[in-house]
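Heads up, the next two complexes both have chain A, just with different partners, chain B and then chain C.
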Partner chain A sequence: MFTESLLVLLSVTVFCVFLGLSIATVGIAVWKRRADRRNKRALETVQGQLFERRDRSDVDWRDWLTSLSEPEQTALKSLLQRYLRVIEGPKSDRYLEIADTLALPQAARWKASHDDSDQLTRLRALATLTVLEQPVPTRELWSHCMGTQRTREASARLVYECADQYECPGVCGTELLVWDGSESMTIYGLDTLVKLNDGAGTPLLEVARKSAGSWSDAVLIQVCRVLEHIRATNPDDASFDWLIALFEHQQPAVRAAAIRALKQQGWRTGLRQRIDVNALLEDDSPQVRRATYNVLAYWGDSDAQSLLEQAMISERETRCQLAAVRAVRSLDMDPLKNHSGWPVDAWNWVRAVETADVDTPLDERSGLS
Partner chain B sequence: MILDDVISGPIAAIGVVIILYILLINSVYLVLTLVGIQHTRSQQEQEAYEPAGLINSNQFLPEIAVVVPAYNEEAVIVDSVQALLSLDYPHYEIIVVNDGSTDGTLDRLVSAYGLEQVAASVPIDVQCDGPVRDVYRSPDRDLVVIDKENSDGGKADALNAGLFFTEKPLFCAIDADSLMERDALRKVVEPFVMEPRKTVATGGTVRIANEISFERGRPASVNLPKNWLVRFQVVEYLRAFFIGRTGLDRIGSLLIISGAFGLFKTDALRAVGGYDTSCVTEDMEIVMRLHRHFIEKDKQYEMTFLSFPVVWTEAPTSVPVLASQRQRWFSGLVDTLIKYRGLLFRPKYGTIGLVALPLFLIVEMFGRLVEGIGYLFFFFGIVLGLFSIPAYLFLIVSIGYGSILTATAVYGEVLTYRQYEDPVEILLLLCFAVLENVIYRPMRALFAWQGLKNHITGDTSWGVMEREGFGENSDQ
Partner chain C sequence: MEETPQVLVVDDDPDLRELLEFDFRTNGFDTVTVANGAEALNYLRETTDLPDVIVLDLLMPGVDGMTFLHKRSDTRFESIPVIMLTVVDDVETFRAAYELGIDDYVTKPFSPPHLVTRVENI
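Right, the complex of A and B next:
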C-alpha cells in the first residue's frame, strides 16, 4: 500500500506542486505589478496629450489615435468612459467625437447584441452605449439583453438616458426592470425605476395594477419603497387599488411597505377615505404599526394628529409607543397629559433627547415632562 | 504491502493514521479554498462593472446602528469613533457601549464630542446584565454613548445593550480596535436591499492592520508586517477568513460572521434573545442560533459572506496574547458545538445539520486536537528514534500538502484583490506558508488543547489584548 518508493514519489510530487504553485503565484504578482506600472504610465501620457489637444480646433483625432500604443488606447477608452459619466452637454462633444473615431459605439453595439457575449461583456457594452447615448432598438434589447436582472437593469437605464429616442420609455423601462416580478432589483435598478417613474406618468402603477399579484414579496417591497419616494401626481385613485389590497397580505413586511408607499399620497382625500387606518393601527405586527405612525406623521393633518394621539396612549408595545411619541413630537403636538394611559417614560425620554440634541448644558434643563 | 511493513511497528502506524486525518482535513480546506477563489474572482469581476449614469440611491439604503463595545479603550476610542463618523453611508448612528471601563474611555468621548447626558431613564427594556447608568448623545452627530456597568457577560452583554437600545432596522457589530473601510457599509448592506425579507445577516472580510497606515478610511499602502507572529496570522487570515469563509458560504455552511464586522437584521437578533452572555465566542453562537431559529420556524432566510467589504483589525503581536485569543476561540467553538449538538446529522436542519456542523466538528474541532497529538507524537517519535524513513516521508508529504493549501490561498489573493502587491512580499508569504506548518500550526494546536482545558475547567476569561494603534498616517 504505502511502499517507500510510492512515498518518495508522493513527496516529490507534493514538492513539485508547491514549487509550481509558488512560481505561478510570484510570476502573476510580478506580471500584474508590471502591468499596473505600464498602465499607469500610459494613463498619464494619454491624459496629458488629451488635455493638450482637447480645446484645439486643428486636431486630427485619427492621426493621434493611430500614434497611440495599445496600452495607451486602452487607457484612453477608460478615460473617456470616466469623463462621459460626469460631463454632460456641449462639453462632452469632444469626447464623443473621439469615441466615434475609436468606433466605440459600433463595438459596444456588437458586444451588446452578439450571442456569444457573456453577461459582463454585455453589461459593459450597455453601459458604454448609455454614456455615449446610443440607443439600441427595443427589438434588439428584447432579443439579446434580457438574460439576467442586471442586463435588464442596464437596458432600462439605456432606455431612460435615451428616452427621447424610444416610444413610451417609461413603460418600456419599467417593464424591463420589474420583468416577471420574480427577481429583486439592485440599488441601480431601483434608482432607475425612480427616474423612470418620478413625476406625472408613473407607469409603474399601471404595470403593478396588471401584474403585482404574481410578484415575489421582495419585489413587492421594493416597488413599494420606490413609490414611497416618488411624486405620483397624475394617476387617479384607482391606480392604487392593488396597493390597498396589500394591506391584507400575510407578510407584515409587505403590509408595512404598502402603507409606506402611500406616504406621498396623503393629499388624495378619496384614497385616504379608503384606507382603514384604524385596522393598520391595530395590526398584530409592530412593524406595520410603526410604519403607520411614520406615515401619519408625514401626512400631519388634524385627522392624522388625532389618530396619532390616540395611538400613543393605546399602544402597549414599548418600542412602538416610542415611535408614536416621536411621531407626535415631530408634529410639535403637545397633548394633554392627564390621560390614564399617558406614556410617561417614552414622553420624558423623547423630550430629554430633544433637549440633549439642542446642546443645552445639563444644569440648564428643566420641565422635561 | 501492509502498513506494518513500511513503518516501524504499531506506534508509527498510529502516526500514519494521524497524518491521514490531517491530510483529510487539509483536503477539505483545499476544496473550500478552490471554491472560495473561484467565487471571489467572479464576485470581483461583477464589482468591476461600473453602471452608467448617476445613482442617487441613498433613499433605498436602510438605517444602520454601528455598535462599538468598549472596555478600557481610552487609547483608541476617540480615533475609532472619528473613523466611524467618516464612513461613506447616509443613514447610520454610532452607539458606543462603555462597558464599565475603569479608565478614561467615557471622559474622552464626552470631551472629544461634547456629549450631553440624556436626563431621563431609557423607556425600553435594554436587556443587558450590567445596568445602564446613563446615556449620552452628541448634539450634532449621530453618536450615542451608553454607559453601563460591567458584568460577567463581557462583550456580549455590551452588544446586547446596543442591540436592545437601538431603533435602527440593521445592527452592525464592530470592535473598537478595528477600522472599517469607508465604503464597507454600502457594500455589506447590498444583500439587505436586494432581499429585504430573507436576508438576516451579512459579513465582510477581516484583514490584519498591523503596521499599516490609513488615509481617508482606506489603507494608504499595505505592507507585510515585520513581526513574524503577525506574518503567520496574515497567511492564516488569507486562508481561513478570506478565501476559506467564502468557500463555506458557497456550500451553504457559513457558521461564523466575525465579531469584528457583521451586519444583522435587528429584529432577527432580538427574536433569538440577543447575544449569549455565557459564551466567549458570541459571534459564532449567535449565527448558530439564527440558523436554528429560522429553520425551526420554517422561515426562508439568507446569510451571506462578502469578500470585498473589509475591516482591518490589529492582530496579537506576542505569543501570550495570541495564546489567550486562540484558547478563547477554541473554547467557544467547543461550547457552541456542544450547545448545538442536537442539530448534528439531522436532515431537518439541512446543510447546517448535515454538512456545516459535521465539518466544524471533524475539521475545526477534532482536526485541531488530532493535529496537536500528531505534532507531539512526531516530536517524541523523532527524538526517541521510533520511526523509519517511510514515516518521515509521510511527514514530509503532510507538511508539503499543508504548504500547498496555504500557497493556494496566497495564489487566490494574487489573483483577486492583491492587497499585498509587492512580489517580494508574496514570496515571503509563500515562505511563511511552509514555516506555518512547522512553527505556527503546532502552536495553534497547543492553544486548542489549552482552550479545551479552559472549557472543561470553566475558565471564560478574555485575557488582555495589547493595542499598538494604527499607522502614523492614520486619519481615524
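Right, the complex of A and C next:
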C-alpha cells in the first residue's frame, strides 16, 4: 500500500516537472519569436528612416534619435556598425555623425578599458572602435587589452586603422601582435602584421632584432612568412642579422622559413655575401634545401644559376631534385646536359608536366582518346 | 520614352543589398537584389527584362562570384557588364576575374557614390 502511494506520488511529480518544463520551453520560444519579430520590425523601420534622412542636410540627429524606441536604437547601432565596415567616403561620414550622437565611441571606449569587462565584451568594443576609427591611448591598450591573442590582434588593428593618431603605429601595432611571441597569430593578426609592415620602415625587423630570441617556433615561422611577402626597402642589412642567425635553428621548418624570408632581399649584395648558401644547400633537411632552390630561382642572377645547376646534379633526394630542376627550368637556363650526373628522369618529368595541357580534361588530351 | 536602366545586385549581405538598392534607386536605376550566384542565374534565366549591369560580390556561400562568372559564360546574358564588389584586394584574383569577363571592380570598404558613378559610366 505504502509502495503504491509512493509510486503514484513519484509519477505525479515527474509528470508535473515534465509539464512545467514543456510550458517553460513553449513560453520561451513564443517570447523569443515575438522578440525576433519586434527586432525585425524595428530594423526595417529604422533602416527606412535612416535612408530617408541620410542625404538631407536639415536633419537634427538628436531629435530623431530621441524619437526612436529602445529596440529601434539597438537596431540602429548594429546597422551603423555593419554599414561602416563596408562603406567609406562622405556617406560613411554621415553614419559616423549618427554614431557620435548615439555616444557609441564613448560606450565602446569604456567597455574596452573597464576592469570588469570580460574578454568578449572588450573584443567587441575594440571592433566597434576600429569601425568608428576612434583610437584608444597605447597605455590603455597595454593595460586592459592584452588578455588574449584575439584582443591583442583587435588592438593592433585599431592602431593600424587609426595610424595617423598614434605616434609610432608600426612599432606599437607590431609589438601588440607578437607580444611575448608565445602564441601564434590568427589570419586576421597576420593580415594586420602585413598591413603594418608592408613598405618603407618595416618595424617588424627592429622588433624581431630585439625579441626574436624568445619567440616560439610557430611565431618565428609566421613572422618569416610575412617578411617573405612584404616589401622591406629601407632597413639596412644589419636588420636581417637575427634572420641569418636562424639558419642555425634546430627546427628545419624554421631554417626553411628563414631563407624564404630573404627571398625579396636578393638585391642586397652585402647581405647576400653573409648568407652561407652552400651550407643551406648541404643542409640535412630536404625542406631547407627545397626552400633554398626556390629562393635561388627567385634571385635568378648568374651566381644563383650556377649554384642551382650544381645542386640539380648533386641532389640525391628525388623530390628535392625535382624542385631544383623546376628552379633551373623557371630561369630558362640551358645547362650542360652532357654532365655525367645529369638528372635525366627528373628533367624529362618536369618538362612533361610543363608541356602537358593541364587545362584540358584528360579524355580530350591528344593521344588519350 | 527612355527605359529605366536596371542593376542586378548579387551580395549575401542583406543590409548591403538594402543599402545598394536604395542608392541605385535614388540615382534612377531599377534595382533587383539576390543573395548569391545561384539566385542570380535563376533570375537571369527566368526574366524577360535582362539587367543592364550586374554588381557582383565575390565571396558568397553556395555559388560564389567566380563560379557565377564561369556558369554565365555560355548563356544569353554573357554580354551583360559585370562590376565585381569585393573585400579581396589581390592582383591574381582580379586577373582571374577579368579573364572570366568582369568589366570593372570596386573593393570594400567602398564609397557608394563612387560605385554608382562606375555603374553609370559602364
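Please note the rule applied: the second predicted complex is superposed on the first by the 304 of 369 C-alpha atoms of A that agree within 3 Å, B and C clash if a C-alpha of one lies under 4 Å from a C-alpha of the other, contacts with A are read in each partner's own complex, and residues count from 1 in each chain.
The working rule: contacts are C-beta pairs under 8 Å (C-beta built on N, C-alpha and C of every residue); 3 or more make two chains touch, one makes a residue touch a chain.
Being a predicted model, the structure only gives us computed values, none of them experimental.
Just to be sure I read the superposition right, which of the two partners does A:His249 touch: chain B = first, chain C = second, or both, or neither?
After superposition on chain A, A:His249 lies in contact with neither partner.
Let me test your reading of the model: by the given contact rule, A:Phe51 touches which partner, first (chain B), second (chain C), both or neither?
The answer is second: A:Phe51 touches chain C but not chain B.
A:Asp191 in the overlay: touching chain B, chain C, both, or neither? Say first, second, both or neither.
first
Give one of first, second, both or neither to describe whether A:Ile221 is in contact with chain B, with chain C, with both, or with none.
first
Touch check for A:Ile87: first (chain B), second (chain C), both, or neither?
In the superposition, A:Ile87 contacts chain C only.
Given the superposition on chain A, which partner contacts more residues in chain A: chain B or chain C?
Touched residues of chain A are more numerous for B.
Can A:Leu79 be said to touch chain B (first), chain C (second), both, or neither?
second
Quick check on my understanding: which residues of chain A belong to both its chain B contact set and its chain C contact set?
85
In their shared complex, at which residues does chain C touch chain A?
Residues in contact with chain A: 13, 15-16, 18-19, 22, 26, 108-114.
Across the complex, what residues on chain A touch chain B?
The contact residues of chain A facing chain B are 1-4, 7-8, 10-11, 14-15, 17-18, 21-22, 24-26, 28-30, 32-33, 36, 81, 85, 120, 123-124, 126-128, 130-131, 153-154, 157-158, 160-161, 184-188, 190-192, 194, 217-218, 221-222, 225, 229, 251, 253, 287, 318-319, 321-323, 343, 345-346, 348-349, 351-353, 355-362, 365, 368.
Where on chain A is chain C touching in the complex?
47, 51, 55, 79, 82-83, 85-92
Per the contact definition, I'd like the list of chain B residues that touch chain A in the complex.
Where chain B meets chain A, its residues are 1-3, 6-7, 16, 45-46, 49-57, 59-61, 114, 116-125, 136-137, 139-140, 167, 190, 193-198, 267, 389-390, 393-394, 396-397, 400-401, 403-404, 407-408, 410-411, 414-415, 418, 421-423, 426-427, 430, 434.
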